[in-house]
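So, here come the structures, one by one.
Paired with chain B in one complex and with chain C in the other, chain A is shared by the two complexes that follow.
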Partner chain A sequence: MILRALVRAVLLLVGVSVMVFAATEALPGDAAEARTAGRATAAQLAEMRAATGLDAAVWRRYLEWAAGLLRGDAGVSLISGRPVADVIGQRLPATAALAGAALLVTVPLMLAWAWPAGAGSPAGRLVAAVVTATAAVPQVVVAAALTAVFAGMLAWFPPISLLPADGRPPGLSVLALPTLSLALPAAAYGAMLLRGLVADIVARPYVRDARRRGLPGWRIAAVYVGPFLVAPALRVLAVVAGGLIAATAVVEVMFGYAGLGELLVGAVANRDVPVVQAGAMLAAVAVVLGMLAADLVTVRTDPRRAMT
Partner chain B sequence: MRTRITLTLVALLGAASLTACGDSEQATAAPPDTLRYVTVGSPATASNDPHGGLGNESDAVRFALMYDVLTGQGPDGRTQPRLAESWKPDRSLTKWQFALRRDATFSDGRPVRAADVLYSLRRIDRKAAENYGRLAAFDLAASRVVDDHTVEVVSRKPFAEVPRALESMTFIVPEGSDDFTAAVPGSGPFTLVSNDAQSAVLERRDGWWGTAPSLRRIEVRAVADPQARAQAVLSGQADVAASIAPAAARQAEGRTDLSLVRRPAVTMYPFVMRTDRKPFDDPRVREAFKLAADRPALVQATFLGYGQPQDDLLAPADPSAPQGLTPRTRDVAKARQFLTDAGQGDGLTVTLHTTTSYPGMDTAATLFASQLKEIGVTAEVKMTPPDTYFTTVWGQQDFYTGYFGGIPFFDVARVSLISGSPTNETAWKRPEFDAALDKALGEPDEGVRNRVLGTLQQQVRDEGGYVVWGTGDGLDLTRSGVQGLPTGAGFGRLFIDQVRLSR
Partner chain C sequence: MSIVTGGRLGFVTFAGTVLGLALFGSLLAPHDPTAPLGAPWSPSGGGNLLGTDALGRDVLSRVLAGGRHLTLTAGAAALVAAAIGIAGGLLAGWHDGPLSRLLHTAADLLLAAPLLLIALVFAVTLPGAVAVIAATVCGGAPLTLRIVGDAVRQVRHAGFVDAALGRGESGPRILGREILPAVAALAGSEIGARFVVALQLAAALSLFGLGPAPPAPDWSAMIRENVSGAALSPAALIAPAIALAVLSLTVAVVGNAAARHARRPL
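Take a look at the complex of A and B:
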């Protein structure tokens, strides 16, 4: 089971790398053209392509990139000539901090929303409606609304999130708005996925029985419902985390936050394939690891395992 | 339900109080000798190489602080000495000797020698494909080191504007520097202290030969989004936001704690017509299109008024620009007549390409299309994304929205008006024009030279394929108390070492 999950994870990563490579390849133009913006002669372009290895066949470039990665070498940026590991490494901590903070907010919020939304009372139905609506709002809109309220009207947080110039870690006020912009829609989406499950579990006979016995709500949640939610909640979380990491690109650009997402947006525009590949692979690894963890927990908490 | 509301409140309060803690550690105001400067920059193109395309503004500003250039731009827009103290051409105007300052040193202590200068110029030339052939007018193989403090630069043809052609982008690095994965030492007024994902921190270098800057420290930050740049100053997180959008400038108007620095005539989005293809091969069609433009309306819509209507001159701010021309104003009847004479009287349909690379390019094209409608021309506006516009539309399509960024007329001519240029976008190919341009550039007398260049510029205005309807100002937003930001055109804007702060 664990072995199978591992194999699946590796296959998934290989698939992602091929797809991202092919997608960047399918875009019109290449890095040599992006670098010279239409002003280079054909001979100059050919020379630049030869110098950066862009003149080789697609499959060859892919294999060379993959072989490099296996040796721990992510290659060199086609635009600036700097090692990809440096370019990414400079940006990774900021995005890790942002995504981490967003997940920390997302998890409790998701559970807090899924519980009443799945309970089925009139108030619960209202929560469900609000959650569904929030999940449907794009991050851009959430970010704009949060900025208008918390930066504009209340002036609690800065409207943009510049990192400290001397390389210190970002303070909470800098992280606040981007974090919430990521966390609110993600938590709502997660709560929507979990809602049905909560409703199912709550409807089970032993939960109804516990209710009749007059046990307090928190105890029912913790003892009778919670354990059955752990594995599916983790799986939902892995999916939500994937969406959240993808959304950092939009949110980072909006808040001027110097993370990986902003880098990726620019790298795609410049056809800087090695940087795009490395950035996409990092995101994919994060999601795949999350799913792997969810699988492992499922195995450990599966009631059928206890029976056999 | 009630528990949930309570929980939410607790969470929000918690977040707010945490933020308060965060603030105390964070928002210590910058000391009065530190300038926080936010400018255009994309991490994807960030580079330490001062000899490439200089497309990333935040890099270029850093280079201008770290490295010396041979010649610079004075406040009056004229070329002034920088690393080169003086210069002297030979009689043929092809060999120019530049005398270098003797007191310039790199930040690692080595003196700046003629060999470093020649090495840097040759390296810029070697990267011609990336920097648009910036030194294409020079024969750097034939150029030579005369002595430790004199370098002789050879131009391919007699060239009276050599000092100006070497202005502002000739960043000098130590001879032999070829690994730019990290910054190499410079001889400029500031040294690099740190350079991370978003910001570069530079500190004043004691012992620089020039006027000691009043700033001790400059933080240069790259922020890609123009709205976010303006917000940085509006919210007090930065002192200067360079190149903001006209809409943000309007938003800041009326705030006494802010001021707007306008750099006139920096941007133009001319409509470009291919003069060798139908229907623009007929001069009467080109004339009709020029007469169709409602120039003040275009400036108002595109630059929100932060600009000036223009008269089809490609370098209106150049010292050689012809003066006292009869302005070309909108004349629908005359335009229609020209079209009828050209046999296009009963409805002409064209495609006008545009993009969103620079703010307002799409607005300009859409508005011009509606103005063309009134002279009986149907212009279909076609949008192309910024990442492919300059490779698939620019220099290739028959009718599109172009871009120039305030460069001298001889540079415009070299890039776009010479028969042999691969980027001659309007197919303006006239041997007599080329010859006259060569002759003018080899003319030692400035008055005579400018007169001839002016005539040539006027000829392109009257017969060429450019509708230059207006220029937009460069807009920098500053906190009040920031003084001495450069307002010149072109690369002059990068030199912020003499900016002063009063708080």
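Take a look at the complex of A and C:
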């Protein structure tokens, strides 16, 4: 079971790497043309391709690229000429801080919303409607609403989240708006996915029976519903975390937060292929690891196993 | 009963108005949406109902004109993804076998794939709008295919299909004339669901500067342009956000209504 999850994760990453490579290498021009910006002659281009290995067959270039990634060598940025690993490493802490803070807010919020929305009381239906709407609107809408209220009307936080120039970790006021803009839609999406599961479990006979026996709500939640929710909630959390990692790009661009997502968006606009490839693979690894972790924890915490 | 029908008629009118304004609102714009008229981020008044934006342009005119690209992109993406998914679902539901099991697994995996990342990778080589369509097809078509395939499998043994088979009608004819109408509401709800997701992608790419080139107005780009003026002119920031929210929620509600209709027993 554990082995199967591992094999699946590795196969998935190989598939993603093929797709990323194919999608980014299908350029009309190639890296040699991009780097010389049309100022080189055909002979110079050919020489450059031979020197950088661009004239090799596609599958050979893919293997070399993949082998490089495994060694931690992601090539050189076409724009700045610096090693991609350095460029990404420099931006990684800021995005890790943002994504980590957002996940810390997302998890409790997701559970707090999924519970009433799944239980189906009148208040729960209102929560469900708000959750569905928050998950449906584009993320910029949530970010704009939060900015207008907290930066515009209340002036609690700055509307632009500039990182400290001396490399110190960002403070709470800088992180607040980006974190909430990431966490609210992510938690709403997760609660939407979890809502049906909660409704299913709450409707089970032993839960109704516990209700009739007059057990307090928290006890029903902790003993009769919670254990059956752990595994699906973890899978939902993995999906939500994957979306959240991708969504850091939106929030970082919106608030001018110099993280990995902003770097990736700039690299896409400049066709800096090695940076896009490495950034996309890094995000894919994070998503697949999240799914793998959810799979492994599911195996360990299966309530059916705990009962026997 | 008449109240319900009246409410439905009212909502259809509302949804049509929202779509019409998103697509053709520029015809109603009181000013040139790209011409600077006054000081940046001035409050409402003096002919500018919602004030001016970061470059002193009329916010109302830009909101009226700024939905077209997003709506067209998301609409095209939704239609293409849903068409591929529905066609595939009709086939997969009609012929049981290893193919439909494979498609189930693929749809499960794609549910976890961050579509925004796929769209970004596509945007390296493709124009922004095409990248949105490609990502919506990659991520959305398999989901539609699975949902429609399941529905087709359920109606495949219904009486009216048996009757058509008994009349000696061909498989494609039965799929088109008997089964497609039976799953039409479901197909409608799938188009709505794909539109909502495609609009999220299109809005993100416009925010990244991969949408229409400035100074063309675009709701998502307007939000970014005016975020630093949040304190001076909240309207410049909030108006395009409300427009985006109304469009996406309207389509979501229409899609949900179609889904509820689809769940009713035949």
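Structural remarks
By definition in this document, the second predicted complex is superposed on the first by the 269 of 308 C-alpha atoms of A that agree within 3 Å, B and C clash if a C-alpha of one lies under 4 Å from a C-alpha of the other, contacts with A are read in each partner's own complex, and residues count from 1 in each chain.
Just so it is clear, a residue touches a chain if its C-beta (ideal position, glycine included) is under 8 Å from a C-beta of that chain, and two chains touch if they have at least 3 such contacts.
On a predicted model such as this, the values are computed, not experimentally measured, just so you know.
When the two complexes are overlaid on their common chain A, residue A:F255 makes contact with chain B and with chain C alike. In the superposition on chain A, A:V141 contacts chain C only, with no contact to chain B. In the superposition on chain A, A:A269 contacts both chain B and chain C. In the superposition on chain A, A:A40 makes contact with chain B only, while chain C stays out of contact range.
Contacts of A:V87 after superposition: chain B is touched, whereas chain C is not reached. Using the contact criterion defined above for the overlaid structures, shared-chain residue A:I160 touches chain B and also reaches chain C. Put chain B and chain C next to each other and count what each touches on chain A; the higher total goes to B. Once the two complexes are overlaid on the shared chain, A:G214 sits clear of chain B and of chain C alike. By the document's definition of touching, neither partner reaches A:P205: not chain B, not chain C.
By the touch criterion stated above, A:A151 is placed in contact with chain B and with chain C alike. For the contact definition in use here, the residues of chain A common to its chain B contact set and its chain C contact set are 27-28, 151, 159-160, 253-255, 265, 268-269, 271. Considering their complex, residues 109, 111-117, 120-125, 196, 199-200, 203-204, 207-210, 220, 223-224, 227-231, 234, 237-238, 240-241, 244-245, 248-249, 252 of chain C touch chain A.
Listing the residues of chain B that touch chain A in their complex gives 1, 3-4, 7-8, 11, 15-16, 18-19, 21-23, 25-27, 36, 38, 42-49, 53, 55, 128-130, 132-133, 180-181, 194, 196-199, 201, 219, 221-225, 228-229, 231-232, 234-235, 237-238, 386-388, 390-392, 394-395, 415, 422-423.
Interface residues of chain A facing chain B in the complex, by the touch rule stated above, are 27-29, 33-41, 44-45, 47-48, 79-83, 86-87, 90-91, 94, 108-109, 112, 116, 121, 123-124, 127, 151, 156-160, 162-167, 171-174, 176, 217, 253-256, 258-259, 262-263, 265-272, 275. Taken together, the chain A residues at the contact with chain C in this complex read 12, 19-20, 23-24, 26-28, 132-133, 136-141, 143-145, 147-148, 151-153, 155, 159-160, 238-239, 242-243, 245-247, 249-250, 253-255, 264-265, 268-269, 271, 273, 276, 280, 283-284, 287, 291.
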